[in-house]
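Reviewing the structure listed below.
We just call them A, B, C and D in the order they show up, numbering each chain from 1.
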Amino acid sequence: MPTDNIDRLLSAYRWMQLTRTLDEAIRTLWLTGKGVGGTFNQRGHEAISVGAAMCLQPDDLVAPMHRDLGAFLVRGITPRRIMAQQLGRATGVSGGRDANIHGCGDLDFGVIGFISHLPQSLPVAVGAAMAFRHRHEPRVALTFTGDGGAITGLFSESLNLAALDRAPVVIVVEENQYAYSTPIATHSANVDIAARARATGVEAIDIDGNDIEAVLTNVTAAVGSARDGEGPTVVVAHTMRMLGHAIHDGAEYVPAELLTDWERRDPVDAIRATLEVAGHPVDQLDEIDSSTLATVDDAVEFALASPWPDPSTVESGVWA
Amino acid sequence: MPTDNIDRLLSAYRWMQLTRTLDEAIRTLWLTGKGVGGTFNQRGHEAISVGAAMCLQPDDLVAPMHRDLGAFLVRGITPRRIMAQQLGRATGVSGGRDANIHGCGDLDFGVIGFISHLPQSLPVAVGAAMAFRHRHEPRVALTFTGDGGAITGLFSESLNLAALDRAPVVIVVEENQYAYSTPIATHSANVDIAARARATGVEAIDIDGNDIEAVLTNVTAAVGSARDGEGPTVVVAHTMRMLGHAIHDGAEYVPAELLTDWERRDPVDAIRATLEVAGHPVDQLDEIDSSTLATVDDAVEFALASPWPDPSTVESGVWA
Amino acid sequence: MTDGSSLDDPRPQRTYLEAISDALVFEMSRDEAVVLLGEDIAAPFGGAFKVTKAAGEKFGSDRVRNTPMSESAFIGAANGMALMGMRPVVEVQFADFITTGFDSIVQFAATTHYRWGAKVPWVIRAPADGGLRSGPFHSQNPEAWFVHSPGLKVVAPSTPADAYGLLLSSIRDDNPVIFIESKPLYRSLNGPVPAGDHPIPIGVADVARPGRDCTVITYGAMRHQATTAADLLADEGIEIEVIDLRSLKPLDLTTVIESVARTSRALVVHAANRLAGVGAEVAAVIADECFSHLDAPVKRLGGLDVPVPFSPPLEDAYRPDSDKIARACRDLCAW
Amino acid sequence: MTDGSSLDDPRPQRTYLEAISDALVFEMSRDEAVVLLGEDIAAPFGGAFKVTKAAGEKFGSDRVRNTPMSESAFIGAANGMALMGMRPVVEVQFADFITTGFDSIVQFAATTHYRWGAKVPWVIRAPADGGLRSGPFHSQNPEAWFVHSPGLKVVAPSTPADAYGLLLSSIRDDNPVIFIESKPLYRSLNGPVPAGDHPIPIGVADVARPGRDCTVITYGAMRHQATTAADLLADEGIEIEVIDLRSLKPLDLTTVIESVARTSRALVVHAANRLAGVGAEVAAVIADECFSHLDAPVKRLGGLDVPVPFSPPLEDAYRPDSDKIARACRDLCAW
């Protein structure tokens, strides 16, 4: 493997491990009763959220959804700010105003803070891309949606708008086989999301969402083609949501075998194996793991020690 | 041509001529300042609205839109009631409450009164079909939408619902090349509506919407297959809106040649020609024309002589 | 015993959530036309809050039906089903997502009977309200939008018994009914619920507690904050009358006006945003109709004019509670 | 001369519609970031009402852009454009269709600045209001929904000058602004409009006519019905003060309260449905803040609680007008 590739994979490994570790820390806090409100699970989605975000330039924009912890991190939103956000602290990204990773937006890092209504990030990313194109800026917007989000009317309307404008936007569909408790075949008459996207007039490809190299290669190509004025692409990344929809959900409705199968395809294990096979020293990988753990421990400590927002500020900032 | 066919075509001719003549009478009233509010133009759509409605059984349901005057008539809503509706009289279908052919619903005739928000008739027809299927009734729902309506999110969501349930519903798309002033290629990145429909998982066919025989044959097949439990079909009927979007609209944005071309394909002229070629006596056709004219004159007279609604009733009936 | 029942009440004790679940099962047994629609509601999962679990287990996926995440289309489909004589009961997963189907509700369903006389007998169950640290999109109280829209009914029960009885009536009502459920009460509130056929009429307020000094007009979870405040104030010698509106459309203004004419003081409280909320309508009516009886201006408490914030100190600042109610009543009585 | 200007006013006379069109052209010349989005708005067609025709002819289809019939998506796209520093001005073809994009407005745009501090500076132009025999879906006044939703501004001008000046301010405002246009005024109302850079601040009411006996608080087309009523009543010796709110969010309550404290009588009027409308909020505030000044209860006039009916006698019965306003004022003054 060429060094460039190795470096990129190493970087991906770092981000994926950080995403995994941070997610596990959040989970632990919640399961031990230290959480505030609800929170989402990320396990299984690390290659997609990290990989896709890694394909962007600093000036690009990302509009994530609730499985995209990795994208927030890659863009530069620190674990400290994210952990404080989860715990509703003044030091969190939204200062305690929005929940879990909702509203975790920061335009300094080119990140849109999403809302619950799915898939509202989609038209927003399309509009951002329309602005880039209108101003002849070489920027790209990237957004994510689930398979559930991809069956909404807003999905088809947004794709049509993007196609009409040849807007520089990449839409990553995280097809994780379920929308909450509902299997994709129950909510979508045609489960071939790429075919549906193509019918609206947008290029679309299917990839293995647990294979970081596939994500990096294909999203890089999609971003490049958007930047070159070739218009939007939908990248359907197939994966499996390995835990419940959110922390409260035991996902008893998911067949155990399905999880066992996908456990073998764990994206973090897979990238590590690739690096090891490519001859990358194991101790260096272990070293990444332990420094990641330290970063996450620090984030938890920081968040727990952070002040609550001042209630006297509750009415400020509803308007700019 | 077999007699059965001739009879059906004669019947279609009668309804199409009635639709055309009633539409012209409405237009005349409006252009001479006797109208109330706005009203839509029907010219060019007669074969579709009449033909599709003729394929239904009395127990079936139709949820029309604003180019479907023919469907209201075929279902049995009389020219008198429609004319009185247009003029806001107490004797109109909605008793003066809704405008032009909005809200022209009457469940005794299996007709849903549409609202402006397009294409809201679609999920309603799908829901009706779901009810039929749920209760194992051999009934079919049929609805119409335009090319503009077919690019909405509600179109794709409704088709998905219908496909998931194999609901006995037929969706006729009146592709008339424009949504108000906007050409189809400006509002739809992929103008192949049938392909979009198929991508959602619904069968779809394209037909010549000015050819009454094509409408009758294909919609009959679609209705039959819905009734047989084969699920929904989208029928994309291609035509041209021959006048403005509504009475106020001169449609200067439509190229003259386009109208000239389509004038030659006028659906009412075409069916008449077919009947003449099939050897049907011209004087019998002329006789239909003149009795139609008398019916429409009577409707105008009835409507103009009809009382206004009593203002003291304005608050009644907001709830059942 | 938040609703004043006694321990030896023979009726079964049910949570607010169980009462709703019971009502669904009861109506589905009674009337084949009742079907449930919504995201993730089918058995065995039974919905985000498990409200439809019992119904799904009993009646199967033909009558308790999972829908895609397509609120416009499936509420639109409920319109069609209702027009064909069924009685769909739709769950929006959280009340917040009701906006996604807004057209199908306020434009189609609400106007149909007025326009051409057809009935659209559905219920939309909307798990609403906050206090649970769920943030701006899982804590909303959307009722004012629907009260302002001609043609809907809006119901907002606050006790298990009311939830049960009002849901029976809502399902039987020939109109589209927005049924606002208070999530914070789902599992925290127990009360007696009569088994069987005991509908409670829509449009009749409930005097939750009689009093002579000041009337608090409220609904939903705030009923309990108001009765708690009344307990506090009783110790101070102030007797608060608490009226639970139960139905927001139609509003039982007769009960409200009779009470305020007697107490001469009124406070209107709801968890929904105060600005241009339902409380504004109630306050405006009281100020008008009780003009010559009032000893103090009609006051209002409600959510602040901001999205419902997530963090506990912010949400507590945002939201009315028994202390804020007690304070407002003291001020009113000292006026 | 409905707005009190004199014939020799040097400023150009413009219709209400022309004033809006002028404001769009002025702002687009001033600021490249301003683009227009909507169905059928591009030149040469220029929109259902031709409001964007001049802008489209001047700036071309790159800045005056036709959209598909996809309100959710194109208002959502406006959110994205605005976040990237553009200033989209969206036309919904009729105000009635604003519900189709409801999520993108009340959920995304309205909450963004509060949640994470980013600005969403767009304007949605909503051709609203009735009296034109356009029926239930081309006559709506949706403002109350948006006043109730935290994070939006809502503006509703009633004169050409206000439409011009308030549209300049709305486009420059860093927040999402719902700009309610009154269709019945589009071509029927002429008035002087200052050319050039004359923004009128959002949030300041206008005393349309001074008076001492009773205050009528209103906005939009009803301002003119109110001043007509005031003319009628002046002949009877009753002097009505007419306050045009102009902005519905924020509300200029200072001006309202000062006036009612002086006149001791208040009538709130709007064409929108009365029930739980913006007028309920205004009336509740007046009844509260002016409690000790009021000589009569605060009254309200508004649309009835039904969809806007089509037929002239029904729509006239539905809708407030100068006669109904005069009658209500007489009753108030006789109280």
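Going forward, a residue touches a chain if its C-beta (ideal position, glycine included) is under 8 Å from a C-beta of that chain, and two chains touch if they have at least 3 such contacts.
No experiment lies behind these values; they were computed from the predicted model shown.
Q: As a test of understanding: of all chains, whose mean C-alpha position lies farthest from that of chain A?
A: B
Q: Which integer distance in Å separates the CA centroid of chain B from that of chain C?
A: Distance between chain centres, rounded to whole Å: 41 Å.
Q: Using Cα averages as centroids, what's the distance between chain A and chain B in whole Å?
A: The answer is 46 Å.
Q: Go ahead and note the Å separation of the Cα centroids belonging to chain B and chain D.
A: Each chain's C-alpha centroid was found; their separation is 36 Å.
Q: By residue number and range, which residues of chain C touch two or more other chains?
A: Residue numbers touching two or more other chains: 67-68, 70, 72-73, 96, 99-100, 103, 107, 111, 114-115, 136-137, 150-151, 304-307.
Q: Listing for chain A: what residues touch at least two other chains?
A: 94, 97-98, 102-103, 115-117, 151-154, 157, 160, 164, 186-188, 318 - these are the residues of chain A that touch more than one other chain.
Q: So with touch defined the way it is at the top, what topology do the chains form here? Options are line, ring, star, complete, other.
A: Topology of touching chains reads as complete, every chain touching all others.
Q: Give the list of chain A residues in touch with chain C in this complex.
A: Residue positions touching the partner: 36-38, 88-89, 94-100, 102-103, 115-118, 148-149, 151-153, 179-182, 186-188, 252-253, 308-315, 318.
Q: Please output the residues of chain D touching chain A within their complex, sorted ascending.
A: By the definition above, chain D touches chain A via 35, 62, 67-68, 70, 72-86, 88, 103-104, 107-108, 111-119, 121, 150-151, 153, 174-175.
Q: In the complex of these two chains, what residues of chain B are touching chain A?
A: 151-157, 159-160, 163-164, 186-190, 192, 195-196, 198-202
Q: Using the touch definition up top, name the residues of chain B that touch chain C in the complex.
A: On the chain B side, the touching residues are 61, 63, 93-94, 97-98, 102-107, 112-113, 115-117, 120, 122-132, 134, 141, 153-154, 157-158, 160-161, 164, 317-320.
Q: What part of chain D is in contact with chain C in the complex they form?
A: 96, 99-100, 102-103, 106-107, 110-111, 114-115, 136-137, 144-145, 147-151, 249, 273, 275-281, 283-284, 287-289, 291, 294, 296-300, 304-307
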